[in-house]
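In this document, chain identifiers A, B, C and D correspond to the written order of the chains, with residue numbering beginning at 1 in each.
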Amino acid sequence: MRPHSHCVSEQDTHHDRSELSVSKWFNSDKDITLAGLRGKVVVIEAFQMLCPICVAHGLPLAQNIQRAFSSEQVVVLGLHTVFEHRDAMKPVSLEAFLHEYRITFPVGADAEGKEAIPKTMEAYQLRGTPSLLLIDKAGTLRTNHFGDVSELRLGAEITTLLGEALEKIT
Amino acid sequence: MRPHSHCVSEQDTHHDRSELSVSKWFNSDKDITLAGLRGKVVVIEAFQMLCPICVAHGLPLAQNIQRAFSSEQVVVLGLHTVFEHRDAMKPVSLEAFLHEYRITFPVGADAEGKEAIPKTMEAYQLRGTPSLLLIDKAGTLRTNHFGDVSELRLGAEITTLLGEALEKIT
Amino acid sequence: MRPHSHCVSEQDTHHDRSELSVSKWFNSDKDITLAGLRGKVVVIEAFQMLCPICVAHGLPLAQNIQRAFSSEQVVVLGLHTVFEHRDAMKPVSLEAFLHEYRITFPVGADAEGKEAIPKTMEAYQLRGTPSLLLIDKAGTLRTNHFGDVSELRLGAEITTLLGEALEKIT
Amino acid sequence: MRPHSHCVSEQDTHHDRSELSVSKWFNSDKDITLAGLRGKVVVIEAFQMLCPICVAHGLPLAQNIQRAFSSEQVVVLGLHTVFEHRDAMKPVSLEAFLHEYRITFPVGADAEGKEAIPKTMEAYQLRGTPSLLLIDKAGTLRTNHFGDVSELRLGAEITTLLGEALEKIT
């Protein structure tokens, strides 16, 4: 089972400070913005509920991050970014999925774009799912892992971002 | 992640020759009946597409059975038997799920019953999902495994059923 | 980590009724012979204690077989058949290994041959370790699995041997 | 399979700047000292070659650390610290073990102490095997993980130590 990809013409490293474009939040009673999380490191797991590698590896990894770091310092979010089988993964299905898989962090449904690619996926130039995004304390996308990630490397990268002084990266 | 259960008052061992009640077949262009499979051992994986243990263990086990035995002798079927979150697992979602998880054996959607429990699940007194059912050459339900199953035991049970002469069990 | 192999000129399927040549038994206070196990199916796990695949897969599989079948019908034995690093795997080391890995079935140390290859390994034309051997009720080697084995297939094969009448195969 | 433990009266967190007491190094043609590694973070995997959890989890984790970090910054060492079955795990056996398991980082045999407990194990107050030790750039033992460790947390801890200025911790 390989990760799901869609073509992206841009290069891999892409530093961006775009906001999330989310049509609906789950596991949260209010809208979440990167601006509102300023000062914290944000980890975003971009997934599709019917993507086998997302289910077997991506989401459990995000749950491990949620457990390994204090929520005061590191905020884990899900981004349900559907670019295929859109009718199969509507909000009613996603909600049951999150319940059954015991996902407790907030998950935003990526807003539909003009074409098949949802808005946040487009803005962040994601290559497919699962993608794991690291956002620094100032809200800038710093790392975009597509597919497999080493937990050791990830622990190192998050810690490096945690060590940055907010005033120096703003 | 525990298997999903619903209460059943009957006892565990339940020998039945009920037909399948299926509202729609996937991965098959014609309806499938146990009567039509007379003479073959039939393995039925009863699952829900949003049941984590079904996805992580039940369906891969069924795929292993499909690979380990000749389809001339052993027929593997899926039964999508939804007793919770019904709106989340409609045919359009199931179809995408089967495609993404590369399930190639026929899967029947268990027909809705009068109450929450679908018809085949009711008739076979299934306790929940995943359930793995072994049907002998004469169409009788012989074994009903709920939850974890040893592949060694399963290989042994299927082989025992294969060794039965059809005329002796009819 | 690949299985350890040594060259064998003979062909794969090799039906043999050789006895075991064992210099010392562990987990048994008396010598064990295939003749003495006549009427039972015997499963032999041929391994080396420093072979990674034997440790990670071969021996746990043998332990699963020990649990899945009645010892009245199926007897599991280990054969420590060392064809490399002989000084590293002497009886004192093997004994500690069996204790630490909680191997409770009898294990025989394959007797040294004239060359590097131990006697039973030579007689059975084993290709390396791990090898899983199935011996029928009459003491004949019927199947020799080198490397990976499907538990479903193995459960089927053992059950087929259990179904044979001793008087017909003698 | 639980980790192997021996009783230690001291408390868990134990900051020490003891040198390693090693009777023989493997995978290294010269003796290794913490003093000689000053300026680098040192990760020590304390193990016994016949300890199942060390083999299944501890050593693969150390290999992952070796791959995840630059050897210019993080040095991985093994410490073979035998406090039971001493005759079963002599140098000739350890050498074959390291070869078969493809351990390429230097491994030191912990020097025998007056009692059953080897010298480095005693000095560092290790509770058993596997233990994973993190030594800072100044040679001080900073963290001692006994049993399971999260790779995310470990990546974070190593990165925190890498971020320390040597002159501040000396």
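Just so it is clear, contacts are C-beta pairs under 8 Å (C-beta built on N, C-alpha and C of every residue); 3 or more make two chains touch, one makes a residue touch a chain.
This structure is a prediction, so every number in the text was calculated from the model and none was measured.
Here B-C and A-B were compared by C-beta pairs in contact; the pair with more is B-C. With centres defined by CA atoms alone, the chain at the far end from chain D is B. If each chain is reduced to the centroid of its CA atoms, chain A and chain B end up 36 Å from each other.
For chain B, the set of residues touching two or more other chains is empty.
Chain contacts here close into one cycle, and each chain has exactly two touching partners. Per the touch definition, chain D reaches chain A in the complex via residues 64-65, 67-69, 150-160, 163.
Residues of chain B that touch chain A in their complex: 1, 50-52, 55-56, 85, 87-89, 92-93, 95-97, 99-102.
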